[in-house]
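Lettered A, B, C and D in written order, each chain numbered from 1.
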Amino acid sequence: MNKVVKDVEQALEGIQDGMTLMVGGFGLCGIPENSIAHLVKMGVKNLTCISNNAGVDDFGLGLLLQAKQVKKMISSYVGENDEFERQMLSGELEVELIPQGSLAERCRAGGAGIPAFFTPAGYGTEVAEGKEVRVFNGKPHILEAALTADYAIVKAWKGDTEGNLVFKATARNFNPMMAMAGKITIAEVEELVPAGSLDPNFIHTPGIFVQRIFQGDSFEKRIEQRTVRSKN
Amino acid sequence: MALDKTGIAKRIAQELRDGWYVNLGIGIPTLVANYIPEGIDVEFQSENGILGMGPFPFEGEEDPDLINAGKQTITVRNGASFFDSATSFAMIRGQHVQLTVLGAMEVSQNGDIANWKIPGKMVKGMGGAMDLVASAENIIVAMMHSNKAGESKILKACTLPLTGVGCVKKVVTELAVLEIKDGKFHLIERAPGVSVEEIISKTEGDLVVPDVVPEMQL
Amino acid sequence: MALDKTGIAKRIAQELRDGWYVNLGIGIPTLVANYIPEGIDVEFQSENGILGMGPFPFEGEEDPDLINAGKQTITVRNGASFFDSATSFAMIRGQHVQLTVLGAMEVSQNGDIANWKIPGKMVKGMGGAMDLVASAENIIVAMMHSNKAGESKILKACTLPLTGVGCVKKVVTELAVLEIKDGKFHLIERAPGVSVEEIISKTEGDLVVPDVVPEMQL
Amino acid sequence: MNKVVKDVEQALEGIQDGMTLMVGGFGLCGIPENSIAHLVKMGVKNLTCISNNAGVDDFGLGLLLQAKQVKKMISSYVGENDEFERQMLSGELEVELIPQGSLAERCRAGGAGIPAFFTPAGYGTEVAEGKEVRVFNGKPHILEAALTADYAIVKAWKGDTEGNLVFKATARNFNPMMAMAGKITIAEVEELVPAGSLDPNFIHTPGIFVQRIFQGDSFEKRIEQRTVRSKN
């Protein structure tokens, strides 16, 4: 079942003002750079973006924020981005902060047909406001709902023509769950290979979760915190 | 004399037990990995999706696809594994991680912790901290006893928005090791050369002080 | 003449659409894979953890680690993938599988299905059937119109313990294609040479019969 | 962190009468054969076994049933086993049947610290009796609880000394979720390799979920339904 589209333009076709997008990545690691750049070019506005982070000022989702294309961010951590903080504190940008594990699980639930689940994370905090509390094994939990998106945009290391994806190292992060939770899931890959090239034992995201796949033109893969040790 | 950050990390490292999986937060907690006691085998989990974290890479060997939860470039040890964020928090929520070490802005005497938000001022988000503190059986907070304004961070009740309730068991600061039990702080150890009086004066929360307070052995 | 099992499978195969992921139950449904219309590309999911199932292996090439949900040895096509049971049912529950074809003991006119238990007699379990029927948007039941005792299985209400409620949209039997709509069966097609009267006589549930009932084209 | 034990005897140490065991596998595919054989030898009784199937009369969990070691089976499908059916219909054996997807998800939930979740599977059937029903997006769902076990016994293709596991083809099935849900998880592997031999990108079950690992002495890997086609 061939999922290949020609380029990023064809891949993002149909994304419109006001839609909800999931965007994979953790910090700048494993983000769909080519798609984000093209979203800026498309100029779609009033987006709701579900993404663990909001990029930095001049890279990642920060680019969409700079261009004022985002109405609402749903994230777990949004430091490292001055423009973000400015828009949020001034009230221009709506922000919903979600515990990282709940965010990951809510995306998975959205893709897995689980409308809601109980988790201990956030009990007794702002996050629990308005949410049902129930005690299991003597411990209070809150009920969290599934998340889905009109489009999920993920980035993989390798992908085949049937949409099967393989991720590298910690660039996996949120990408597999978001791929599950998109009504339409777009995968941007570093290397597109023919079906049959990837070992079926080691597929991270089966092609059933992916509707469109393309090989990105270029990947900067910017490092957010370069930490090294010296050779002696 | 009060400990520096390294000293706090060294003291916390003494809490590690053989065979534990450990999640270290950003800042002082990260340093704990440098002081694992001899004969103790622990494995570090980072919530962005790795078990078996190694040291920072040599210059020129950084891999942008290989980072920790602080977004720092890292390496892996033999026997490492990568996984997605849902699996990572399955490990955390499912209590497969034996110890969590993290920083805090405030800790209260009933074990509440606040470390993610200063209303109107700093709103970076909770990241994985709420999942970690809600789930871990064993949480150690690494922090300074007072904030920059000189006010105690060891409180009767937190004033900032909470990250978790009744979850912190132990706090290690530049002055002391405190245990939280029965709604009170208990002074367990003091930093070398630090007086019990100084600790009492810098602790706003109720503090139980035994007759003899041993010095930390670092 | 009434269809044989192959005929039922052939008729159901006409319902396949290009690009669909399809789950085929044990028995007649399995045969559907042999009659995919030309120009149609579909992929078969088996709930024990495989996408991209191929035909049975050649003799001597069976792999005990590679089976379908009916525990039969199979092969894989290029582009296949293996996954665990939780992921498999994430696909099913999350409605990523476009069509489910399964057998039944009884179907009722409001779309209820019973296919897993005969109290006191046969209790093999529901396997994945309850998840499949509760989740699939598009369910086709492949079955005989009557049971071995000659009683209709196309009923006003099921008598056996239910597998799912209000979920079946279409039934293909050896006699007819029925659609379920507005709490009634609707006769869409009849098997070649089978009279409308025979179908009416063998259908216990309310049946809407249009003026003209076309024959199936196989 | 070395998880290797000498043999099956050491691996199963601590399993006692009346305990709850999860046992991986689908049909006879991917079952921990060596451990099952040793459980028979140990003679532990009154076990509650959580396993998708119950084996056949003379293989898999059928062996434990023959020896009357099982008090209760929690499964999704228990056909293909006459002794099982006899014990169940006579009331000797307690049986709880669970939809296969709910069984898988309940094991995952148990391992993931999710005490309960909503699923549409089983609504309106016997399975829903006594369970909370709630409507999401116009569709009724039932609340299902997590499952855990005193011991989970899983079977993998390869495993390393740190307990990282890799499964082959459809022998994966329930093994990864059960590995997560066991208070103590025992992995029986076909091939035990040194830490560092398995690519960290392609570990199915990270070692954190495994407490003991050993290489099985022999694997029969019986085929339940041998289906073939002829070469022309």
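In this section, a contact is a pair of C-beta atoms (placed from the backbone, for glycine too) under 8 Å apart; a residue touches a chain by one contact, two chains touch by 3 or more.
Source: prediction; values computed, not measured.
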* Where the contacts of chain B and chain C overlap, which chains show up? -> A, D
* Structure fact -> Higher number of C-beta pairs in contact (B-D or A-B) found for A-B
* Could you tell me which chain lies farthest from chain D when each chain's centre is the average position of its Cα atoms? => B
* **Rounded Å distance, chain A centre to chain C centre (Cα mean)** => 36
* Between chain A and chain D, centroid-to-centroid distance (C-alpha), Å -> 33
* Structure fact -> dist(centroid_CA(chain A), centroid_CA(chain B)) in Å evaluates to 28
* Asked: Residues of chain D that touch two or more other chains: which are they?
  -> 105, 108, 112-114, 119-120, 167-169, 200-201
* Structure fact -> The positions of chain B in contact with two or more other chains are 50, 76, 82-83, 86, 89, 92-93, 135
* Asked: How is the touch graph of the chains shaped: line, ring, star, complete or other?
  -> other
* To do: Any two chains that touch count here, so list every such pair.
  => A-B, A-C, A-D, B-D, C-D
* Of all residues in chain B, those that touch chain D in their complex -> 19, 21, 41-43, 45, 50-52, 76, 78-83, 86-87, 89-97, 135
* To do: Would you pull the chain A residues touching chain B in the complex into a rising list?
  => 26-30, 52, 75-80, 85, 88-89, 95, 97, 99-105, 107-108, 119-127, 157, 167-177, 204, 221-231
* Asked: Touching chain D in the complex: which residues of chain C?
  -> 46-50, 55-74, 76, 82-86, 88-89, 92-93, 112, 117, 120, 123-131, 134-135, 161-166
* **chain D to chain A touching residues, read off their complex** => 105, 109, 112-120, 134, 136-137, 141, 166-169, 200-202
* To do: Within their complex, state which residues of chain D touch chain B.
  => 1-2, 108, 110-114, 160-162, 164, 180, 194-196, 200-201, 203, 206-209
